[in-house]
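Each chain carries a letter (A, B, C and D) given by its place in the written order, and its residues are counted from 1.
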């Protein structure tokens, strides 16, 4: 699981059905200039934050919903869970489990820090870094990405606008995820409210470090939001409350994933 | 385990052997002015930091060494482990497992935070707060203590001198642990280098909030260091590298605990 | 000016008119148990924040309005200005000029820090510490208070609730200023929305460190707000937007100060 | 002064003497690929930190020494002073005065912050950002650079290695200044201890954003250090203790500047 996840997942696509092939080929066109010979599987990262609906036993329950949904779509779903929950989830589901934060430190006298080595040991195959709710200093982001690379886990660096996306991409994480902070948790999808930040980020990354994948987030919850995000050139989405806090998490997730087909 | 730990452990002492009774009665004298009718069991908190010798499988191994040693002495040993390791340790050993840090936030949009609820769910019965390597803002310390209280776990607030010990004690955590930062990891025990900071902290807490226990730390590793710490009026010690990084962790721990008997 | 300010101003009151004597004597009763033989002059601290209406030349203009108003009331008005403006203001007005923040560091390699020595050299006679918009770690607050003491300037530590007020007071600053963060800038005065936080803070400080003065803030702008704050036992108020952003700053200040008389 | 400084100083070189012309032409060759038609004047930024030898009246004295030295060499010397000293220095010397830090906020409720507008109003024409002793979050660096641009002052972003230099340059500040933290204050010049970090930074910036100037720092104090820094392709140096804490500041500065002539 680790290897697949770390080495940029989904570059080889298994045979897919008609609808999916149509979209994939459309997507592939959009991406062809970036990575001519690969097809990119849509990536959905569900951030559990510290929501009660996604802590401890509830976190495991929601992860299982994601695992089931994933089997029905040509999509990679990763769950970004709280550090104390990583082991519980990774031991019980087969989808990638991410940390929500990794400090830019290694082994040593760093009481209270979350290290890449420790989350890897607990079963994580990736992590968010620099989420809007856990911003890091520039040097820490760089050190955290290096620590992830050394530990063999994926790093998704969150950013808030096109210039910070450029800067983050120049550090060569696996992904950047651009999220205008004012839209996080708003229910207003970034793809509608500020499509330029997505296309601008995709453009900037393409020029500065084309090997870095681009996700977008903030306000995403419906299938049409995911669809729009992909149409704007991103490879997937980072989302949270729209699914986690939905009355029916499973139905919400299925609505979201419906944006992939057709 | 949680209840015992949270309600200030060790207020009821099981029958003990001669040497131990002698020391306990001596200790009890020292503490009588504070808490007339209880006897205080010595508390040792071993901070695993992010040392490689105390991460993942190694953390479990060291916790087992602590568990065994504990059975031979009239002492409470708690291990303060990295957040991703809490569940692994708490499911496999019977001694109290602590977190190294808890943020002053609850359920909600706090990506990357460590909450009291999540560490409790993973099996922790207490936590360090405000360690010198993870200092918090005053308002955060207060919020973190409140969160621990709400979740039913113990809170040990680390401090760096007598004034900050006073301030921390006024917030009514279960314990304060005073550690002069310059002695941490130095091998020079606080009980020798700066005994006044220990007696001053004990005095200050006695006056401001006598229900709060006082630990001390920094440079502690030998039995004589622990002994001196108890003689200065503390209820126990917080330590790390002296044991974790010892060539023979078991022997180092036994040397330390020898300070309790006789 | 420094000496007067630092040694807790206003312990000797000049002859005052009838109304004022009445309130002072009422206040004095409330404070008699604390400080038997002194009468406390009301203290108003106006926080300029980084408002455009209080930056550079505008900061000087507003300071002059404060200086004039002060002469008409039995009150001490201090202005808490941005660090780059301290010298400009202190060289041109006679009222106390405060910094808005002082780091807990001294001379040395602390690029970008604001030191007590530097703000003193520029003419400041006091400072806010730990404002809700610039929270500090506990150890930093203690170090900052020590640095202020060493430099001979007053320290007002801001707090957010009764427990943090207790903790801050135990560090023996000149004043604590309690401000519920959710009311800051709200226009809803703390004295109405949460009077218990003011009386609770006054009580707590009286017990733990009676030499420390208590101010309150958040949502204060009218004379009646100041009046209520004094009636609840505080020695004065910390306020900002209600005056700084008023269309007519002079009129707003006079409305506020009208709360002192009668 | 502001305009000259902000619009990248020194693009027009006054007639210079032989030695200087030789070096300039050599330098110009090195830079020709970057900026074909301009010659770059060497830039020396002296960081006063919070040293007692560079606070208040002492800061003014040292600034005057810099002003005098500057007239004798074809060099731009800027002094980066503490915020409360900006006005004092800028009103009394003619060389550029920089702040040591600017927060990424504007006008508003940001108590204790240092804004670009306020340092500009006090006479600063530029600022350091993200110094190793005052690291900022990525989003803050971006916001601070934007604020500097809006206020019309220069921004020098400090970095710690080649990847962070790349990231910082991608945000288009006026300069980046790369300084390995472990060499700061060490007396061991970066140009000797780690020349690759300088050439690597110059290379990276050239590729990613050639309009950004590159300085280097850490351990610089002698003329030969400055010389080596220029030979490695940087446009100048950022330094501090080597001059500020020298027994004879004037002599130390002259030794440094001798690295320009020959």
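Observations
Everything below uses one rule, namely that contacts are C-beta pairs under 8 Å (C-beta built on N, C-alpha and C of every residue); 3 or more make two chains touch, one makes a residue touch a chain.
All of these numbers come straight from a predicted model, not from anything done at the bench.
Between chain A and chain C, the least number of touch steps comes to 2.
Contact with chain B and chain C alike is made by no chain in this entry. Comparing mean CA positions across the assembly, the chain most remote from chain B is D. A count of contacting C-beta pairs for A-B and for A-D identifies A-B as the more extensively joined pair.
Although chain C and chain D carry the same sequence, what matters here is overlap: shared residue numbers make up over half of all numbers found at their interface.
Each chain gets one centre point, the mean of its Cα atoms, and the points for chain B and chain D are 47 Å apart.
The distance from the centre of chain A to the centre of chain B, each centre being the mean of the chain's C-alpha atoms, comes to 38 Å.
Here the CA centre of chain A is 39 Å from the CA centre of chain D. Shared contact sites, meaning residues of chain C that touch two or more other chains, are absent. Chain contacts in this assembly form a single closed ring in which each chain touches exactly two others. Contacting chain pairs in the structure are A-B, A-D, B-C, C-D.
Within the complex formed with chain B, the residues of chain C that make contact are 130, 135-142, 159-161, 163-164, 166-168, 170-172, 208.
Residue ranges on chain B touching chain A, taken from their complex, read 47, 49-52, 55-57, 80, 82-88, 99-101, 105-115, 117-119, 121-122, 124, 128, 131-134, 184-185, 240-241.
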